[in-house]
Structures are given as C-alpha cells and as structure tokens.
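Both of the next two complexes hold chain A, though its partner changes from chain B to chain C.
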Partner chain A sequence: MENGVLLEVTDLNIEFHDHIIPETVVYDFDLTLREGEIVGLVGESGSGKSMSALAIAGLLSRKDMKKRGQIYYDGKDLLSISRNELRSIQGNDISMIFQEPLTSLNPVKKIYDQVEEPLRIHTELDKEQRYEKVLKILKEVELDDPEHVMKQYPHELSGGMRQRVMIATAMIMEPKILIADEPTTALDVTIQSQIVKLLKKLNAQRKTAILFISHDLSLVNSLCERVLVMKDGYIVESGPTKQVFNDPKEEYTKKLIAAIPKIDMTKVYRNE
Partner chain B sequence: MRYALKKIVTMMITVIVVTLFVYIAFNLISGDPAISMLGTNATPERLNALREEMHLNDPVLIRYFRWLFALIRGDLGVSYSYKIGVSDMIMDKIPVTATMAVMAFVLMVVISIPLGIHTSKYQGGVIDRVIIILNQIIMSIPPFFSGILITFIFGRVLKLFTPGGYVSYSTDPAGFLWYMFFPSLAIALPKATMAVKLLRGSLVSEYNMDYVRTAYSKGNTTNGVIYKHMLKNAILPVITFLGMALTDIIAGSIIVEQVFGIPGLGRILLSSISNRDYPVVMAIIVIICCMVLVVNMLVDIIYSLVDPRISFEDK
Partner chain C sequence: MKTSKKKNINFILGISVISVMALFILCGKILPLRDPNAIDASLKFASPSLKHPFGCDNFGREILSRVMEGSFSTFLIALGTVFIGTFFGIIIGALTGYFGGVVDEVLMRINDAIFAFPSILLALLFISLLGPGTYQVVIALGIAFIPSFARIVRGEFLKNRNMDYVKCAKLLGASDLRIMVIHILPNTLKVLLNSVLIGFNNAVLAEASMSFLGIGVQPPDPSLGRMLSEAQAYLFKAPNYALFPGLAIILMVLGFGLLSDSFEK
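Moving on, here comes the complex of A and B:
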C-alpha cells in the first residue's frame, strides 16, 4: 500500500436483515487512515458512526446483517478473511474502546486479568513478563497506584479510571489502530480533557493511528487532523479539520458547527 | 467479617426457632410420651414413675432447653420403639442420604452447565429444541415418578442395576456408589432441566452485554468469551437456584429412598412417624433443617465469592 496508509475502507455498506424489510444503516463509507494520524468521525445520533466503527473492528458478525465493500488492512480485506485471521488482528493490530467504560469492563473480573488478556491471547509471554507489561501500561495511562488498581474490580473505580483501564487494555499490544467510539461522552468535563490528552500522548509516543468518534465538534477540532461528517448513513463531508470547520460546504455541517456551545472547549483542551 | 458474623447469628436464631417449634409441636400433638412408650394398658403407677424419670412433669420450656442442650452435645435422645439411642439408629444412615444428595447435586451441575452453554450457543438447534421439549415433560414429573421411570429403563430394560438390590457402603463401596447413581439421577434430572433452562436464558441475555463486545474486540474466540467472561456472570442467578434445588434434593431424597429401597434417613423417618417414635422424628427433622441452613449459608458465601460487587462488608 502507498506511503503510510494503514487502513483503507471503500464502499462499506451495512444492512440489517432483522426485520421484514432490510435496513441499510451505512452507505458507501470510505476512509483512509495513515500511520499515526487522528481522524475524527462526527455526526448526529443514529447517523451510523458506531456501526461503521464496529465493522472496521470486526465486531459486527451477527448473522442477520450484511456488509459489503472492502476494509483493507495489511493487504488483507477484513471482510473476507477467516474468523481466525480476523481474531489474530483484533486486540493486536486494531483495538477499540467504547463509550461506557463501566459496562464495557467485565464486572466480575479483576482489572489485572482484563488488561492482561490480550497478552494471553496474542503472545507467548510468561507470567512475570505479562505482569511487567501490565504494570507498565497501567503507568502509561497515568493511573495512580497501579499495583492497587490491578487488584480491584471495575465497580471500585471512578469513570475516568475505568476508561484509562480500557485504554490500557486496548493499547497493551501496541496496536497500529485504535478506534475510540465516543470515549469521553460518559465522563464529566475535566475527566474528558484528561482522557483526550492521554489519547494525544499515546498517539504521539507510539504512532498509533486513532479513529476518534464524537458528538463534540470542538473536541474533534482540537484533536484531529482530518474529519468525516456523517448523516443518515452517508459521509456528507470530509477533509482536513481546519478546512471543514472554517469553510463547511454542507448545510448539515454548518448546523453542527453552529450547535457548538459558545464556551469554546477548544481552548480548554489545547491548554497544556 | 461483620457480615459473616451476622449470618452466623441469624443462623443460630433460626436453629433455636426451628427446634423450639419442632419440640413444642411434637409435645403438644403427640399426647403423652409415657403412654406411647408403655402402651395404653400400663398401670398409672408405672406411667407416673416413667413421667418422673423422663422429667415430663417439668414445664415445657425447661424440657425444651434440656433437649436442646442434649442435642448440642450430640445426644439425640432415646427411641421410644427400640429403646436405643437415636444417634445409634441414624448415624449410619446419614452417609447414605448425604451421598445421594451430594451425588444428585453433582449430577445436576454436571448435566446442566454444559447443556446450558450449548443450547445458548446454538439457539434453535437440534439439542436446544429437544431440551425444550424434555423440559416440558420432565419438569412436570415428581422425583418419585422419575425414580420409577429410571428403575424401569435402567433397571428392567437396560439391566444396569438390580432394582431393590441395595448394597451397603460398608460391604461394597463401589457397588454402593453404583447403586446410588440411579436414585441420584432420578432426583437430579428434573432439577437439571430447570437449571439448563435458567442458565440458557441467563447466558442468552449476557450475549448483548457491552463487556462481551469488549471480550471479542481483544481477539477472543466465542468459547473464550463464553468460558472466560460470560459464564461467571451468567451463573449468578443459577447459583441461587442450585442452592434451592439442593434443599429440595435433601427433602426429595426421602421419597426416592422408598422407590429404590434404600435404608436411609427417609425410611427411618417414615417408619418412625407411623410408630409415633417422636424422638427419632424430631432428630431427623432437626438434622434436615441444619443441612438446609448450612446449604443456604454456603450459597451466600459462594455467591459473594463469584460476584465481587457483593461483599461481606457491604450488607
């Protein structure tokens, strides 16, 4: 693939067949993700952001849905490779974090086991090596007292800590791509900005490309070089964030931008 | 720790209430134990002498406490009909009934967990549909009838065991276990089908949980997701059921012992009831109550071990 392109999604269509009439929720989705870049995906609720993201992460495998198009990663089309091949990529090269860190963590497993799991699945490391890695990544996501946190259960942590745990789990294999589906929506504002800063840091240090999904345009503006705007299953506008924000072509994008609250969060996030 | 202490205190109170209830009930309904022992044509002098000897003229509460403290020391009283210690009568029967209960419980778990997983994984598959039908049939069958069916199928048709050919554990331990397998199965099957249904439903509702999606996103196989993540969550409601089922099993074993001709607690209980041998009946009831209480406490402990959100300190 050409210079630094990691992921190339072309003509992705997602259809549900769980009703009498099939329902298409994503039409002709195109996305190119290069090494180390952060791409934003915005759009109102129900526009198909999560469905597209889940398809890329290989997490839409329900029998009652159809996916068409190509998702090229590392020379392979993720939509046509075997389940085994896909699994060797999931959590290893491509990871995902979600909106609700509490329900996304297993309530009855210790943090350590959950963060360690990708190592057990994808590597042959022994117990001590795994422990070292878990400790290291928990420090890297800036959790205070990681030795204590790893012995705790999700319900014992705060929302921000849970999302840090999710990020640690997603990053432990040093994936090429991190898909973040509204990772800060469920958190309060100060925690949001901390999580965003953390993602920025990981992106800078490890060159992990991030597909950042959000409702919050000011957040996307501060974080992403490029942005895609979705509406009713279609990408209606895309391009460098600055360009899309300063000179939106679509009425819909203008409306989204106009809806940004007057207190400019951009400054809050940009402050070091 | 405080929670555990509270549990133990509650359990002790329950024991006192249950034993008091049992004692008073049997002393009120049973009439005069002296008459029961000596028969209706005994002379008044002999009856009075016996009443003195048995402290029957003391107030009932004092007698109760005397009986309770004797129980705690392990003295279960003397059988009216056989004039021997109740403990001597039932001690060697407890292992028989306990073996059956434990075996039935293990069978129930061993049958229901794999089937629950399988049917939730392959919903609408052949096994799933067969189980749903079997469920309807077996669930409405009382244990004694499943006992008769099993005697017929495994004993008469397949000739895997000799109905009525009970072997004592002291003479032939292996033969004993083999024989006990069939009554245990009779008790376990109806419970197991319920447990399958419960576990299946519980697992099915877990499939849509967010943490399952996370587990897949790490590269887990479906079996990995089920065994490493879902099972522990899905088993929670089943544990409560299994605890309830175990108490049912202990009670149900009394009937099934009759069907299979097993000299366990059940047989003594029934014959003692018809002989009005109240010390024996009371002792067995108290033993069964204690087993049930212990089981309930174990369920609580297991539950809190499986689910970290319930801690001993919290409640």
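Moving on, here comes the complex of A and C:
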C-alpha cells in the first residue's frame, strides 16, 4: 500500500444479530493507520469505540454479528480471510491490550508462561531462545526484577505491573499495530503516566502504530497525532489532534473538550 | 479467620480418615492374612477375637481380610467410575460450553435425557445390557456419572469463554483447542476437584448399593455392599458381620466428604 499505510478500514458497519431485531452499533467507520503513528479514538461509553477495535483485531464473533465494509491489512481483507489466516496475523502483526489487566491475564498461569505464549504459537524457537526473548521484553517494559516477576502469578502483581505484563505479551512478537483499549482506565494517575510514556517509547523505538482508545481527552491530546471522535456509532469528527482540540467543528466535540478538568496534564506528560 | 481454621480442620480430618483407609487397604495387600475366600466350617460365626479381629462370617471366612479386600475393590471401582465420568464429562462439557450453538443444544439435550433417570436405574440398565461383573459396574456407573460432570464443566467453560484472558489468548493467535486445554481447563480445576471428590463418594455408595442388589462384584469375591446384604440375615446372630463392612463404607465416604468440604468456599 502507498506511503506506509498499514491498515485501512473503510465503511465498517457492525450489526448485532443475536436478537430478533438486528441492531447496528457502528456505522461507516473509516480509519487509516500509518506506520509508527499513534491515532486516538475517543468517545463516551457505548459509542462503538471498543466494538470497532475488536472488529479490527478480529475478535468479534462471526456468528452473531454481521460486519460490512473492508479492513485491509497487508493487502488482505481481514473480514473475509479464513480463521487460520487471521490467526497467523493475530498476535503476530496485530496485538491488543485491554482495559482491565487483571482479567486479561489467566489467573492460574505464571507470568512467564503468559508472556511466552505468542512465541509458542507463532515461532519455532527453543526453550532458551524463548527465555531470552521473554526476559528482554520484560526488561523493555521496565518491570523491576523481571526474573522474579516471571515466576509470579497475576494476583501477586500490582495493577501497573500487570498492565506492563500485558504490554509485554502484546509486544513480544513486535507487532506492526497495537490496539490499546483504554489501557490506563483501571490505573491510578501516576501509573497512567508511566504506562503512557512506555507506550510512547515502544512506539518510537519499534515504529509500532498504536490505535489508542480512551475517554481521557487530555491523555489523547498529549499522546496522539490524529484523533477520531465517535458518538452513537458514528465518527463525528476526525483530524490532527491539535486541530480537533483547538478548533472543534462539532457540537459534541466541543462539549467533550469543555468537560476536560482544567489542570493542564499535557505539560505533565510532555515534560520528559 | 474462623472459617479458614475450620476448613483446615476438615482438611486434616479428611486426609487422616483417607490415610487410615488407605493404610487399611494396604495392610490387606501386605499382611499374611487368611485368604478372603477361604471357607472353614469350624469357624462359622466365630466372634471377634485376637486371632480373628473382626470375627468370621456364615461360611467361616475371615471378615477382616474380606473387608480389606472389599474396600480395595470398592475403591478401585469408585476410582474407575470417577475417571470415566470426569474424562468424558470434561470433553462434553468443554465442547458444549466453549462452542455453544448446535453442538451445545444437541449434546446437552442428550445429557438432560440421561440426567432425568436416577443414576442407579441407569446403571442397572447398562448392567442388564453388559451383564454383571466388576468391569461392567465401572462402565455402567461411569456412564451414569458423565452428565453431572459434563454440566459442571460446561458451566465453567461458559463462564470463562467470554473472559478477557480468553480474548487475549485468541488475539495472540491461539487455536480453539489450545484455549480450551491450556487456558480454560486449569481455571476449572478448583470446581472440578470438588465435584470429583463428591462424585467419588457417590460412586462408593452406588457401588455398594449395586453389590447389595447382587449385580456388582460377583461372589465369592468380597465386596462391601455384598457383605452387608449377606449380613442382613444374621443381623442378631452376628452383628459384627454387618458392622465392619458398614464402618468401612462410612469411613471412606466420610474421608472424601470432609476433604471436599475443606475445598469449598
């Protein structure tokens, strides 16, 4: 695809078919994600942010939901390729981290096994090579004492550590796209800023494109180059973050921006 | 704090009772006792004594060695039953719980149909098809036990399949089989362990009742249920004949019951 476009979503519509009357939750969703770019997706709860993200990640059930439109990645339409083909892209090229790191980790498996999982699925590396890689990525997400953390269970870690482990799991295959679905919502503010810095670092070092979903506008403002604003399943406004935040066109965006608390968090995040 | 202490006591008691039973069975295998099937008319209804600690039965057979041997076969049958029930229960429960849809509907309706019959009746049905005998009892009881295990496992899989960690595993490209076996199954073990222990109890009782009805272990081999049913006729003449096999059943059930209690929330 031309000039570094990684992912191109056009006219994505998502319909629920698990009730008698079909219900559309996302209308005409368009998104272009370029290499190394961080794009924000904001909107209130129930606006369809997560649904769009799950669709891109290929996580929506194929049975109960109808999806129309195209999600082009690497010349392939993710909506029409087979389950097996999709599986080779998932985790390998497209990864995702979720809002609640505790439920995203398997409670009965040690951290090492969880971080190692993608290597077992996608690569033929032997035990030592896998260990090396896991150790390296755990260091990279700035976990203290990674050798010890490896042997622990999720419930023994703090929220911030869990989210770091999640990021490690998502990043170990060096995906081209990382979808972050409200990764900091369940964390307190100081940990939030650390996680955001970490995501920024990974983005800068590895050129991973990040789709950052949040309802924290100040975070999005400090992190993302472009932003999409969603409401009731529609994208109501999109464009470079500065433009959208300084000169919002839509009434809804204006209201959202007006709702940001007045402390200037951008300074806190940008002071690196 | 109080509850955890109580749990602990249950655990210790349960383990002790089970150990005593295990030791008892083991003694029967190791000690040079009289052959449980050896008949000696001169010892007919001998009272408990140093030489015959549990006394002798209506054929002059040593009750001690018969109870030991009977406990052993009951234990093995219960183990086999639970194994069959758990193994197929997990497979059916996992498939129905994880995939849902048509597979779920079909398998669970069959399950319901089997569930509708009391397990003893169902086991009787299979015995009448397979003929009486030790292995047949294991198969019959095992099949009768599958539905309850399947239901428990299905519930757990249903609960876990929509959890974030399963979504994550899917996203990492894990196959359905991998998710079921490596991710969800270990999470069901807590619930499964409990039902295995309770199932073990039910299996001990079911085996005893089947032997009592004369369709389990075939004579002259000893079985706790069969001994009880024979002892019935001599309840006043030789109460020790009924007492000891009954005690063995009680201890076995009590031990595993206490253990399963200690694992409960």
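The rule we apply is simple: the second predicted complex is superposed on the first by the 271 of 272 C-alpha atoms of A that agree within 3 Å, B and C clash if a C-alpha of one lies under 4 Å from a C-alpha of the other, contacts with A are read in each partner's own complex, and residues count from 1 in each chain.
Just so we're on the same page, a residue touches a chain if its C-beta (ideal position, glycine included) is under 8 Å from a C-beta of that chain, and two chains touch if they have at least 3 such contacts.
Please read all numbers here as calculations on a predicted model, not as lab measurements.
Enquirer: Following the superposition defined at the top, how do chain B and chain C come out on chain A, clash or fit?
Expert: Clash: chain B and chain C overlap once superposed on chain A.
Enquirer: According to the stated criteria, A:A259 is in contact with first (chain B), second (chain C), both, or neither; which is it?
Expert: A:A259: touches no partner chain.
Enquirer: Who does A:V189 touch here: chain B (first), chain C (second), both, or neither?
Expert: In the superposed model, A:V189 contacts neither chain B nor chain C.
Enquirer: Is A:Y153 contacted by the first partner chain B, the second partner chain C, both or neither?
Expert: A:Y153: touches chain B, not chain C.
Enquirer: Once the structures are superposed on A, label A:L105 by its partner contacts, choosing first (chain B), second (chain C), both or neither.
Expert: Both partners, chain B and chain C.
Enquirer: Is A:N92 in contact with chain B, with chain C, with both, or with neither (first, second, both, neither)?
Expert: The answer is both, since A:N92 touches chain B and chain C.
Enquirer: Could you tell me if A:A204 is touching chain B, chain C, both of them or neither one (first, second, both, neither)?
Expert: neither
Enquirer: Overlap the chain B and chain C contact sets on chain A and report the shared residues.
Expert: Shared contact residues on chain A: 57, 59, 87-92, 95-96, 98, 100, 103-109, 117-118, 121-122, 166, 169.
Enquirer: Tell me, which parts of chain A touch chain C in their complex?
Expert: Going through chain A, the ones touching chain C are 57-59, 63, 87-92, 94-96, 98, 100, 103-109, 117-118, 121-122, 166, 169.
Enquirer: Inside the complex, what are the residues of chain C that reach chain A?
Expert: 101, 163-165, 167-175, 178, 183, 186-187, 189
Enquirer: Please name which positions on chain B make contact with chain A in the complex.
Expert: 209-211, 213-221, 224, 228-229, 232-233, 306-309
Enquirer: Quick check on the complex: what are the chain A residues that touch chain B?
Expert: That would be residues 54, 57, 59, 87-92, 95-96, 98, 100, 103-110, 117-118, 121-122, 153, 155, 166, 169-170 of chain A.
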